[in-house]
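The structures come next, written out as structure tokens.
Same chain, two partners: chain A is paired with chain B first, then with chain C.
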Partner chain A sequence: MASVLPLRLDESPFVVAAHGLEKRFGRQRALAGLELQVPEGAVYVLVGPNGAGKTTALKLLLDLLPADGGRAEVFGLDPYRAGPAVRARVGYVPERHDWGYGWMRVGRLLRHHATYFPAWDAAYAERLAHAFGIDPDRRVGQLSKGQARRVHLLMAMAHRPPLLLLDEPTDGLDPLARDATLGLLAEHLADAPTTVLISTHLVHEVERLADHVGVLRDGRLSAQLPLAMLHCGLRRYRADVPEDWAGAAGLNGAVLRRAGLGREIQWSVWGEEAEVVRQLAASGATVRDVAPLPLEDAVLALLSRKE
Partner chain B sequence: MPSDTLPRVPPLAPAQPRLPRLGAVAREQLRAAGLALRPELIGLALLLLGFGVLQLLSALAPEPPLSGPGVHARMENSGLNFSPGSAGLGVWLAFLTPVFLWRNEGPTRRDYFWSLPVEQSRHALLRLGAGWAWQMAVIVALLLFGLALAVLTDGELGVMTRGVSSMGTSGHPPSAVYRSLSVPVLSWQWVTPFTAATIAYLIGSVAALASDYPLRWLLGGTIALVLLHTVLETVSPLDVEGPFDLVWAGRFGLRAAMNGERWVWERLAGSGWSLERTIAQPDVSLWLPAMLLWLGAGAAAAYLAAGYRPGTLGRLRRWGWEKRAG
Partner chain C sequence: MQLSINPADARPLYVQIMDEVRRARVLGTLRPDDALPSVRQLAAELRVNPNTVAQAYRELERDGVVYVRRGQGTFIAEAQVDGTARGILARGVAERALLDAHRHGLGAGELIEAIRALAREPATSNPGEP
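Right after this comes the complex of A and B.
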């Protein structure tokens, strides 16, 4: 049965596209031929464990780092050749919390940032500052992680860019702040059609916003698909198996994750439900239950998959 | 965070992306550089204030009697003279200004600066220019401060004391010979504080733009040069030119580029007395080529450093690869 996870999206145009993007840091390979496709208007969540290359990928899209190979396109522009034009269209929240000028006061940093974005919406910035509870008189270097993160989100959103690149946007936020922040982000997306690329390993936090997911492992994508397709194609099957059960040979490669206790075994399997059930039944297992996986479990299954 | 209680902003389409005008960026960089340098500027102002008060108090105090050989170097006029040397502190500080300007923004920590929608090396050059403008303002302020002090302490304007490296006397030279230490400032010398500070600023900028640890490079480079000079002098004390002269004391050395002074030996004699000394002699033909050389080399190095980013070699490789691929 088909075990190949989707790696290419059919929906174009793509606001972000990476073709075989490569990046090395010394001997360590951070990106190994990344093929990323973010459709226009999508909220694309790039998930992966620490060190998978998420932050590097985002930096390459902004030309904050030079690529060692491959090619990236943002709005059809090569960030390497048209960096300013790309960055003018992007609101970026970095992974680092000490971003900006620590010696500046928040209000001054916002004015500084606004100079670079002629489309800066001062009224919207003020509203966001109020909503985020940002104190303009604090020094940037004295902000807590959560406060700094809110300032970064404001800086990314207040010029209403058509693309948001958010690197761990909820990192450092307490649950209340996280909820409010994601609410504001949802509101922002509703107000202005924006494409969003979120990099995170806390996928459950952004699940309500996401409509596409890419799973990054060891510098390359192991899956890239719309969320609806993921929910449809990846399911958890619970079945009882007889003693000395030899396994379901037909499922080889489609099983992403397996857990078992006694004679009851759970599989997370990628494939058409009827076909999987048929394969399990043919192997002697009695399928008790089939259920879609929550996004976090689905991602966990995708990340657990052995190549 | 009561976002639901706030008035809604009417829905808007994403803003049409526009690039910032370079003039606006340059003005903002000028303001930001001023803010970044504010602690150092305040410190300098306080230092000058203290120095000025001490000088005024000293000028108001009664003069001790002038007599004996111990007062050779003392000038007849006890006031502070106004000369290009009044901005000397600013010239030396110019080596450090870029370090303060790019504080916590070494090449591996410059993400915010680079994430802004301006071509990155041009952006760095704008910041460099903004810092330079502040540096020149500091030189002007120091000269004005020197002028004010000269006026208040009854010093001479446009007169400078030549450096004297050694002095040998026999007999009792008349006090008039010491007056020759005070000489009028040549017109080209008024430019030297600005060019010297610019050269120092460019050298500091190269270190600050290209390294996360510019102070180590600046101090380490100086210490290495002095050590090398000491070692070479010990090994061959006769006439060692070597790197020290190349960088500092030679015809095209930094000292010539900064103040255009050459050390000249001279012997003065009269009836029953003689005096030998080496004295700093300003020479425009020494200063101009050395200054232009250092200014040009500094500007070129700073331009290259402004374009430097970690991974620059990777970029060059990629550029070569693309060129080969057509």
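Right after this comes the complex of A and C.
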């Protein structure tokens, strides 16, 4: 039972889509045919190791970088042709904080930023500033990483855009600030319909909010699916195997990860549970238990799969 | 009311929320006609997607555990046929214990015997019948 991990969602309309997106930096291929689909209203987590292309993907969606091939679509618009229209409807938290406004005080930066967004909600901005503990008198250039991240989150959220692109939003936040941020995001989602695309390599930090996941490896997705489907389709099986056990040939291609201690072997397998159990039993193994994986383990299994 | 959920738990988050509401009802911390927190409030408190809370409330309504009054919120329903909620809760606990037993190579009989023996002990860790 060779397994094919799902790569396409069937929940259109998609607020964000990438069709064979390509990007090179010199000889390095950062994106190699990315096919991304973010359904309207989803909280989509794009996970992957460092250097997988997450940040590049987000920048291409905003036309902060030109693509070398393929095409992106945000609200049905091509960011390359309609960059300003796209950016006006997106709240973006960049991975790095290259301000260029280091001399400015935070309060002035926020007023400056607000003028670009007619929908800026001053009262909400005030509330967020308070909740994030942002000091308007600080100079932007002197903010720590975590403080800068919170200023960016405020700037992204306060105009209540229909799409949030958050690049490592919890990176640099202390546990208290991270917890508060997740609470504010949950509230934000409850107050207005918002589609969210979060890139992170720390999936457990945002997993309570997420409902879709895309696993990015070497510039392309190796899986893209709703979390509910991942929960059902990917399970960990533990079984005792006899001496000289030859393996379960029927499972070839479906096993993402395998570990063993003595005669007990543990497999992470993508596939229908009854069928996997049947295959294991047919091979002579005694299945001891079957359990869904916590998201973080599921992502690890997906990432460790050999192509 | 304090609901607690754990992403490392094998149950999906919405099921955990449902179980927590059932638990609160069985324990009596939530009584018939008590209001549940709004979806927004509980989502913010638990740091979960509001859709997850809404799904849990929807399924609880379908199961007759809560009822919705339009514009006012979600409330705990009158207890159903006596013992149903307790039964579901007990079944859930038993299911998890049984799974754990299998994982340790134990059969149902051994588990039940151990529980019986444990319940007979006057240990401090055993608060006895509620």
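Side notes on the structure shown:
Just so it is clear, the second predicted complex is superposed on the first by the 302 of 307 C-alpha atoms of A that agree within 3 Å, B and C clash if a C-alpha of one lies under 4 Å from a C-alpha of the other, contacts with A are read in each partner's own complex, and residues count from 1 in each chain.
To be clear about the criterion, a contact is a pair of C-beta atoms (placed from the backbone, for glycine too) under 8 Å apart; a residue touches a chain by one contact, two chains touch by 3 or more.
Nothing here was measured: the structure is a model prediction, and the numbers come from that model.
In the superposed model, A:239 lies in contact with neither chain B nor chain C.
When the two complexes are overlaid on their common chain A, residue A:209 makes contact with chain C while staying clear of chain B. In the superposed model, A:191 lies in contact with both chain B and chain C.
When both complexes are overlaid on chain A, the residue A:94 reaches chain B alone and has no touch with chain C. In the superposed model, A:231 makes contact with chain C only, not with chain B.
In the superposition on chain A, A:65 makes contact with chain B only, while chain C stays out of contact range.
Using the contact criterion defined above for the overlaid structures, shared-chain residue A:294 touches chain C, although it does not reach chain B. Looking at the shared chain after the overlay, A:269 reaches neither chain B nor chain C. By the touch criterion stated above, A:183 is placed in contact with chain B and with chain C alike.
One of chain B and chain C touches more residues of chain A, and that partner is B.
With the contact threshold set out at the top, residues 183-184, 187, 190-191 of chain A are in contact with chain B in one structure and with chain C in the other. The touching residues of chain A, when paired with chain B in their complex, are 59, 62-69, 80, 83-89, 92, 94, 96, 99-104, 108, 112-113, 115-119, 121, 123-124, 127, 130-133, 159-162, 176-177, 180-181, 183-184, 187, 190-194. Residues 1-3, 6-7, 9, 11-21, 24-25, 28, 32, 35-36, 103-104, 111-112, 114-120, 309-312, 314-315, 317-318 of chain B touch chain A in their complex.
On the chain A side of its complex with chain C, the touching residues are 41, 43, 179, 182-187, 189-191, 204, 207-211, 228, 231, 238, 288-289, 291-292, 294-295. Interface residues of chain C, counted against chain A in their complex, comprise 5, 7-10, 12-13, 39-40, 43-52, 99, 102-103, 105.
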